[in-house]
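There's a structure below that I have some questions on.
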Amino acid sequence: MNPDRIKLIAVPVVLAALAAAPLALGTGYWLGLATTTLMFACLAQAWNLLGGYGGQFSYGHALFFGTGAYVTAVLQVRLGLDPWTGLIAGTIAGGAIGAFCGALSFRYGLKGSYFALVTLAFAEVFRILATSVPFTGGGAGILIPLKVSPANFQFADKAGFYYAMLILFAVSLIVTLAVERSRFGAYLVAVRENEAAAAALGIDIFRVKLGAITLSGALAALSGVFYAQFFLYLDPHIAYGSGVSVEALLAPIIGGIGTLFGPLIGAIVMRALGEVANVWTDGAPGLNLALFGLLLIIVLRFLPDGIVGLIGRLGRRHA
Amino acid sequence: MLEVANVSKRFGGLLAVDGASLKVAEGSIAGLIGPNGAGKTTLFSMIAGAVPPTAGEISFAGQRIDGLKSHEVCHRGIGRTFQITQPFAGLSVRENIAVGAHLHHRRRADALAAAAEVAKLVGMAGLLDRPAASLTVAGRKRLELARALATRPRLLLLDEVMAGLNPTEIGEIIGVIRGIRDSGVTVLLTEHVMQAVMSLCEHIHVLNQGRVIAAGAPSLLVTDPKVVEAYLGRAAAGRIEAGSRHAS
Amino acid sequence: RAQAGTIKVGVLHPVTGPLAYSGTQARAGALLAVEHINATGGIKALGGAKIEPVLADAQSKPEVGAAEIDKLNEAGVSLVLGPFASGIALATTQAAARYDLPHVVDVGVVDQIVSRGLTNTFRFGPGFGKITSTALENLVKINDAAGKPAKTVLIVHEDSAFGAGMAKLLNTELPARGFEVVDTISHATPTRDFTNIALKIKSANPDLVIPSNYLNEFILMARTLQQQRVRPKGIYAILGGAASNIKFANEHNEAAQYIMDCNHWYDPRKPVAQAFAKACAAKKIDLTYEAMLNYACMQVIGDALEHAASRDRKKVTEALAASKFDGHIMPYGPTLFVNGQNEGAQPVNTQILGKNIEVIFPDTFASAKAVYPIPRA
Amino acid sequence: MLLEVRDLEAGYGEVTVLRGLSMTVASGEIVAVLGANGVGKSTLNNTLSALIRPTGGQILFDGTDITAARPAQVVSAGLIQVPEGRRVFPDLSVRENLLLGSYRRGRARRDANVERICTVFPRLRERFGQAAGTLSGGEQQMLAIGRGLMAEPRLLILDEPSLGLSPLLVEEMFALIGAINAEGLSILLVEQNVAQTLEIAHRAYVLEQGRFVMAGPSAELADDPGLRRSYLGL
Amino acid sequence: MTASLLVPALVNGLTTGAIYALVALGLTLIYGVLHIINFAHGSLLMVALYGVYFLNTGLGIDPYLALPIAVPAFFILGYFLQRGVIEHTAHGRDQNILLVTLGLSIILDNLALYFWRSDTRTIDVPYGFDVIDIGVALIPVPRAVAFGAALGIAALLWFLIGRTDLGRAIRAVARERQGARLMGIDVEHIYGLCFGIGTATLAAAACLLLPSFYVTPQVGHAFVLVAFTTVVLGGMGSFTGALVGGLILGLVESAGGLILGESLGQIGIFIIFILVLLFRPTGLFGGKPA
């Protein structure tokens, strides 16, 4: 069977498995962990679209995450809009910021580390702005009132949040699959591999990159919107801090960059490493995180192409 | 079909192309030769829109194309290969060619099928699933050609696609290029392999230090002292003449 | 009833990440109290059951804090103490509410923590509003007592939740009390250099500087003020990270002299408090407000467990809500939770005098008299 | 023997490219290796230069076993390769590229060597301060050869040196190879330009499917009908 | 705003900028020349600060006198980090290098937290509060020393990279490894040396910084971002650039803080950064873009 076919079957299977997961996870810690894992997987999926398929590494995906989160929160708190409208508005805002930041950087031909750093700088600018303007609540942050009701994107039990997040993640996964199978996807990969050659084959590099960053921004905003609704509190550091940007790129690299399931697998593996590190060090503060860092390096040492790369290699050996 | 008029390109203090003019007739195979560093690749890059000319005009099929971007030039129907090959290294040969084929095929499956067709044309059918990164120099040159062909160009710019091939392989690729011309594509090529240039080209331009110093039929140029001195050298000129006398 | 064994209490703080210092101090304070309670017979109403602290680390991130609540819930804790920072507290109290898990908040000063109607949430320390109003009242009193040397004020604050909120309040309140705010300078955490701020203060030449920031920045600021020869009549910190930190007082004695702070602090006259201070010294725990508040919170928890005489969360919640405990080390009087906020809670004023941090206000338990304005040789 | 290769095997991962090669280069010789595209000529060169670790066999250089040596040691011993595709340092100037040629060897006469190379390739002197990455293809080829010569090699491996050079320069290139050989330098020459190569080489090997299928003095090979058919297109 | 405020603020900006330059010098070498994005830079600075701190509190060695101890020690540390850890884990892939250095920084930060606790530590040197009065401003002595040192170190690195064989080899390796190997350049060794030198400059920065700063396990983060900014602003791999870039950032931050307020003033750094990237992506002193 060719790989394209396998993926078409694998996507519904994986989503079904994720939908069934709460049966095994119970309603407590593990379900909560699974929910945040999906949230970061969605963010990672967004990063992967731009970084993995398009080769444009961003160090500032917090920019989109934070924008999605702030837009819903502000609309809800200041204008009294409902969170579902906020979800759409946040996603659009994420895409718009992506387009804006992309238009500026790609228009001027920024590539590689230069692009990476400009995204980081944009995220910082937004962090400082969010600290300094009044309608975001400034440094004191913004608090979404607690009002449990599904119409209000606040679920009484954890499973509600889990399924809400699963739907958002499914969107990001299916968008990625669609991109992979489209002309746009082929162009995106070509731009990643060699811009000069891509241009000579009729590809408008600027437009392809712009499309990718817009889409990526919108998807990343999805996870930000979810964060806001799940935790109900935001401050500039939570939304635009560099920690979020690091999370966004860590998972795809561990999982397998430029692959469909890499971000999900990477996000799961990272949480798993974190848990292992906790257990082995008995939660000794600092030591557990240090061990997590060490495990990260060890994974890289033995899996240079990420976990999906390993699976691919094993698959080839069996074939 | 293609008309280059008084085009110049300056890199800092260096005038790489200096008021060059040339014309390529529709349906022909034209050659551009000249010593290393004469500006041939630079001229190609300007035609293909990769580098903007400092001065001069370029028109294609009656329309100005200087000032257009690479991809716009490609959409007008000009394909090019790179002297220093530029494969999409992480992709397979099939996927490489499919990128070109997408210009006329929106659907992925169609593009992949078209890629297989083109590969057959350039003799890469057996290599379709090889990663481009593992191709040898010769393989990469063919891939360049295949990718450009897949965009179905009306004019094809070939920058030293034969360098690094042995005489037998050169013979094969000459056949391929003739086939391309016969299918209605105009070809402009630069090459240092005289055997190929002589047998393929109907009309040749000689570039030296950025200027066109001679133009005409191949047989005439071999005896042009300016060309011999700047480019061919006496020994090669002698060999070519001997060769053509031998053949006729 | 032989109900021996243990009672699990979640102790949740940010012991890694940017807030690690405060989190570690807080944890140390809580554990010290557990040790004392257990050493003195545990929870007698439960047959001398020992308190078993279940440690959790919020890693200075709200989402991790919330996940840790899940874990603590599964570990079967009867209640949770923590988590030092406001941003984290908002997430953890909400997560705990899902399990009807009582949550005693130690520090988090943002008032929304207790104004959201979560019945499981009890904040032992004072909130924002209380701290500021007390700070202002005391400021007026100290200033009046010294013959009103200060008329102009300059505010320096860090720009996240607590500093920014503080500054906003001060800006509306100070003019009402006869002070003129000549400038308000906000800065990021971390800030690498305070020279500009020092220069601004020098040029604005206020009588009084009111800083509100974290430990590292406070240290840098105090040192830079000294370096740049900036000499206001007084430095009156509100929740100033270092002004109530004994290490700062020792290591930068010259720069630290006469700095006043309005902060959480214990009542040094109480014997329990003195015992606590001694225990801290023995264990080499820095004597800071994080440790004090958490020690006191755990004392309150111990008392509530006695009254609940049960591990059941509902009973514990009820006991906390009804708590009238008086035996803790803080200067609050009997505990009284109204809508989750301990009404008696209030900050006190301290001043670094020589090598010591002395309580200078309120008079009822002051250990020294305020030296203000700063004497100039 | 300056270079002696016995039963050499090498490849990439699971793919074996060289399947047991044996060859020699004597002092002062020009030895050519001929073969179609992709048979492994460059693989052979890179194995000799220790960029690829052989999976079997032995390489002796001037009597010492260098099979397991590191690239730097091979260079120190005087075995220098001018690689296919030039591999000049794109950000460095022409002059700096040349200077790095004598990173391990020939430092004492560095300035004199730069001078000598610029006399051979006057084009390089004209482009002395220009970044090598912006040179034309042919100019880069000259630079790569010049850089190789800066190391005062004892055995120079040239991988398709005429690639992309104008006929005039190809002519000069072969003359140059002859000239430096006349000064006593041994040369291993990999070329597609079979006719001219056989004119100047003393001996030649023909590589097919990972093995040498023919070897002998150039003159003999040039007359071999099989070789003429498959490599000279005659 | 009066000149009496502006002038000392600008002078202060220059001295702060020199510190940024100091931290950025090592980064520009590793990042600009070898194209390794070293996320562990801040953490290594933190380790260096602890090192100097313990030399001072444990053995009573003045931070300035610690230079000849700390600099070689950190050179060796950097060399072995590259040869022993990064080289083996990165497999030559850029994204892996990024992760390895990220992993290293997580490890270092948290081991520091575990072993040295999260306390803020400072040292007291006799000249800590001494100032040079230049009339318009007071310059603290430690700042003046750091300023001079930044100039000196930048010059030294500039000479090393631009004028020596080692420097040429480093630049050669950056873009053409295979070619470098064929010239007998030991690529892995050069990477090690380069990382070592970059780390050694951090040790120097630590010695110069400690008299007027503090150490915590988190301290590196305060400098990383601004160091990256400095590198890009100056042009990757350019030491003059790092120096001038650092000074400019110091000035911008100082002036921005004065005009917009300290908090919002930080935005100036990033806006300058974005503008430079957009309009002169090679930085002020950079050559061709990579």
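When the chains are written out, they are named A, B, C, D and E in that same order, and each has its own residue count from 1.
The rule we apply is simple: a residue touches a chain if its C-beta (ideal position, glycine included) is under 8 Å from a C-beta of that chain, and two chains touch if they have at least 3 such contacts.
Since the model is a prediction, treat every value here as computed from it, not as a measurement.
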Both-way neighbours, i.e. chains that touch chain B and touch chain A: none
Selected pair, greater C-beta contact count between D-E and A-E: A-E
Maximum centroid distance from chain D, chain identifier (CA atoms): C
Separation of chain D from chain E, taking each centre as the mean of its C-alpha atoms, in whole Å: 43
CA centroid of chain B to CA centroid of chain D, Å: 28
Chain C and chain D: spacing of chain centres that average the CA atoms, whole Å: 75
Centroid spacing, where centroids are CA-atom means, of chain B and chain E in whole angstrom: 49
Per-residue multi-chain contacts in chain C, two or more chains: 15-16, 20, 24, 159, 186, 188
Chain D: positions in contact with at least two other chains: none
Two or more partner chains touched - positions in chain A: 128, 131-132, 139, 285-286, 288-289
Inter-chain touch pairs (all): A-B, A-C, A-E, B-D, C-E, D-E
Contacting residues of chain D [partner chain E, same complex]: 49, 51, 70-72, 74-76, 80-81, 83, 86-92, 96, 99-101, 103-105, 131, 133, 147, 151
Residues of chain E defined as touching chain C within the complex: 2, 4-5, 8-9, 12, 15-16, 19, 110, 113, 117-120, 122, 124, 128-129, 131, 138, 140, 212-214, 216-219, 221-223, 226, 253-254, 257-258, 261-263, 266
Parts of chain C lying in touch with chain E, wherever the complex brings them together: 15-18, 20-21, 23-24, 159, 185-188, 190-193, 195-197, 199-200, 203, 215-216, 219-220, 223, 226-229, 247, 251-252, 254, 286
Of all residues in chain E, those that touch chain A in their complex: 31, 35, 37, 85, 88-91, 93, 95-96, 98-100, 102-107, 109-114, 217, 225, 228-229, 232, 236, 263-264, 266-267, 270-271, 273-274, 277-279, 281, 289-290
Chain B-touching residues of chain D, taken from the complex the two chains share: 12, 36-38, 42, 84-85, 123, 130, 134-139, 141-142, 160, 163-172, 192, 194, 230-233
